[in-house]
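Below: a set of structures, written as structure tokens.
Presented sequentially are two complexes of subunit A, the first with subunit B as partner and the second with subunit C.
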Partner chain A sequence: MTMIKRASVVIIGGGIIGCSIAYNLAKMGCKNIILLEKNSLASGATGRCGAGIRQQFGTEMNCILARESIKIFENLSQELDYDIELNQGGYLMLAYTEKEVNQFKKNVALEQSLGIDVRYITVKKAKEIVPPLNTEGVLAATFCPTDGHANPFNTNFAYAEAAQRLGVKIYNFTEVREIKTENNRIVSVSTDKGEVLTPIVINAAGGYSGEIGKMAGVEIPVYSQRHQILITEPVDPLFKPMLMSFSRNFYCQQTPHGSIIMGFGDPDEPKGHDIGTSWQFARDMAQKMTAVVPLLKEVSMVRQWSGLYNMSPDSQPIVGEHPQVNGFYMAVGFSGHGFMLAPVASRLMAELILKGKTSIPIDRLDIGRFERGELIIEPSVV
Partner chain B sequence: MRIKEHPILEFNQKEKVKFTLDGKELEGYKGEPIASALVAAGIKVLSRSIKYHRPRGFFCAIGKCSACLMKVNGVPNIRTCVTKLEEGMKVEIQKGKGDFN
Partner chain C sequence: MKDETIICRCEDVTWGEIRQALEKGYTTLDEIKRVTRAGMGRCQGTTCRRIILREIAKFCHKSIEEVTIPTFRPPTKPVKLGTLAGDDDD
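The block that comes next holds the complex of A and B.
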């Protein structure tokens, strides 16, 4: 496909964020949108993610965004005419320390006040929800039955194909080389397949969004960090919910296919773009999860992989236009929550670009918050 | 169905052991792969495919293909082609993907 000369919007990045923004812009009537992807769709963080979708957060904004995202997820297969394998088996969050118990109580009160169906439950109840759970050390738990997971590839492709049906042109294997600006306005994007004139660029480049920012002449305070995951052989259903703990630092889910996916965040992981894997991770992960679900000792691991979290200073996304470069929009720094927040973030991004305002206030997610010192500190992240 | 003489390899006499397949008593040699003992006993179907339940037999023989996953002494998904046979082993053809509950 040869590069077109002119576009109304150029989206950089063919992950869930870029493709869902493309779809929402097109759905709202925007014409002549193109999407550039350096490799292939879902080849970055989306296709490598843990696929969890949760509403159990510790800040009001995250709770509201996640709640609205779930509402969209619930009808997404139908809306996009593609089965995204949504599985609302809930999220069981386990508390192992007194500090966590207190945080969970606060979180539940906040979540319930925002209309999220979540409950603070006893250890006995947690064991009923996940019978193979080893409750040793567990002090309490919270459970939200409408949380869950979906297939990130299907969801990514579902958005991409729906966007294409609405006229969006997707260029795979097309690398952005340069973003030209004039008088602080976006003028064009140069790629290895040619140059395209455009007044609007949307940076949805995930792990490489900082580099895209530099091309537009701006410093975005994000960095990338490897997160590893492993997967087991498929086995008969063992448990429905996603299991998660902040203090023990893990998440674990069984896919509809039967394979069990698990991961944790290594606090010593250096910043960078490495997406290799390590045997230390496989060992540590296996030790962690077999302590929580002992029967996993008999289940074989088959593969491991890694992907990049695009981290912001407060682990919250940066969504909005850059104040110094007119037409340079960012949907970056999702800090490991891009997949679950994509449906709502993309809709709000499309509203922001086409209408200049959003149906849910996201002014606080602007890039200016770091200079103002108005960081949004989310206490509940892995 | 065993090769008794081979121009290059030597088969040393091993100890005979008894084991069961779905309750039926069979005989094999101690330390040989479970799947090998099953094949020698004329058992051709070791598992069933997940989706259509078609028969699956001895295939890759190096622990990669999943065709010989069986329940051994109550533990599902044992690669019987790379697991050594022992006296009194309880081998079962498993249903589904492996029930670990």
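The block that comes next holds the complex of A and C.
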């Protein structure tokens, strides 16, 4: 496909964030949108992620965003006419320390006040929900039955194909190399396949969003960090919910297809773009999870891989227009929860661009918060 | 080839599903994997990878070499989590 000369919006990045923004903009009537992806769709973090979706957070804004995202996810297969394999088996969050117990109680009170169906439960109840769970060390748990996960490839492709049906042009294997500005306004985007004039650029480049910022002449305070993950052979259903612990640092989920996905964040992981895998990770992961669900000892790992978290100083996304460059929008820094937030974040981004205001307030997610020192303190993120 | 023909046995993916993905414009091995799951099974593509590459090449009128990704790393053998964790004795 040869590059068109002029577009009304250029989106950089064909992950879930870029594709969902493309779809929502087109759905709201915006014409002449193009999306540029240097590799192929879902080749970045999206196609490498755990695809967990939860509403259990510790700040009001995150709870509301996640709650609204779940509502969209629940109808997304119909809306986009593509099965995203949404599986609402719940999230079982395990508390292993007193500090966590206190935090979970606070979170549950907040979440319930916002209409999220979540409960603080005893160890006995947790065992009923996940019979193979080893409850040693578990002090309490919280459970939200409408949390879950979806198939990240399907969700990414579902948004991309729906966007294309609405006229969005997607250019794969097209790398953005340069962004031109004039008098603090976006003018054009250059790629290895040609240049396109545009007044609006949306940075949805995930782990490379900082580099895209530099092309537009701005510093975005994000960095990337590898997160490793592994998958087992498919086995009979063992448990329904996503199992997660902050203090023991793991998450683990069984897909509808039977394979079990698990990961943890290495606190010593250096910043950078390395997406290799390590033998130590597989060993540590196996040790962690076989302790929590001993039955897993008999299940075989078939593959391991890694992807990039794009981190911001408060592990919360940066969403909005850059104050110094007109027409330069960012949807970056989603750290470990960009998949679950994509449906709502993309809708709000489209509203912001086309109407200048959003139906749910997200002004606090602006890039200016770091300079103002107004970081968002979210206790429940990895 | 018939649409019903199974190309990836581990994941039960038929030629029909792969053909549809190709027709939609997913023409690399990675994309076919992500769209259909072919090659993601227990054998990690040892059995089906060559057939899929051959079909991609045919569909795109290219040679197998052109559609092969040079950096492909051979799959590791499935290994029990218990073994990985280091407690082989129970």
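Here, the second predicted complex is superposed on the first by the 382 of 382 C-alpha atoms of A that agree within 3 Å, B and C clash if a C-alpha of one lies under 4 Å from a C-alpha of the other, contacts with A are read in each partner's own complex, and residues count from 1 in each chain.
Following the convention adopted for this analysis, contacts are C-beta pairs under 8 Å (C-beta built on N, C-alpha and C of every residue); 3 or more make two chains touch, one makes a residue touch a chain.
Predicted model only: the values in this text are computed from it and were never measured.
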item: Which superposed partner A:233 touches (first subunit B, second subunit C, both, neither); value: both
item: Which superposed partner A:132 touches (first subunit B, second subunit C, both, neither); value: first
item: Subunit B versus subunit C as contact partner of A:300, first or second or both or neither; value: both
item: Touching partner for A:258 - first (subunit B), second (subunit C), both, neither; value: first
item: Residue contacts on subunit A - larger count, subunit B or subunit C; value: C
item: Where subunit A meets both subunit C and subunit B, residue numbers; value: 233-234, 296, 298-300
item: In the complex, subunit B residues that touch subunit A; value: 50, 66, 75-77, 96-101
item: Contact set on subunit A toward subunit B in their complex; value: 131-132, 233-236, 238, 258, 295-296, 298-300
item: Contact footprint of subunit C on subunit A as seen in their complex; value: 40-43, 47, 153, 157, 161, 232-234, 257, 282-283, 285-287, 289-290, 296-303
item: Residues of subunit C defined as touching subunit A within the complex; value: 24, 26, 28, 30-31, 34-35, 37, 40-42, 44, 75-76, 78-82, 84-87, 90
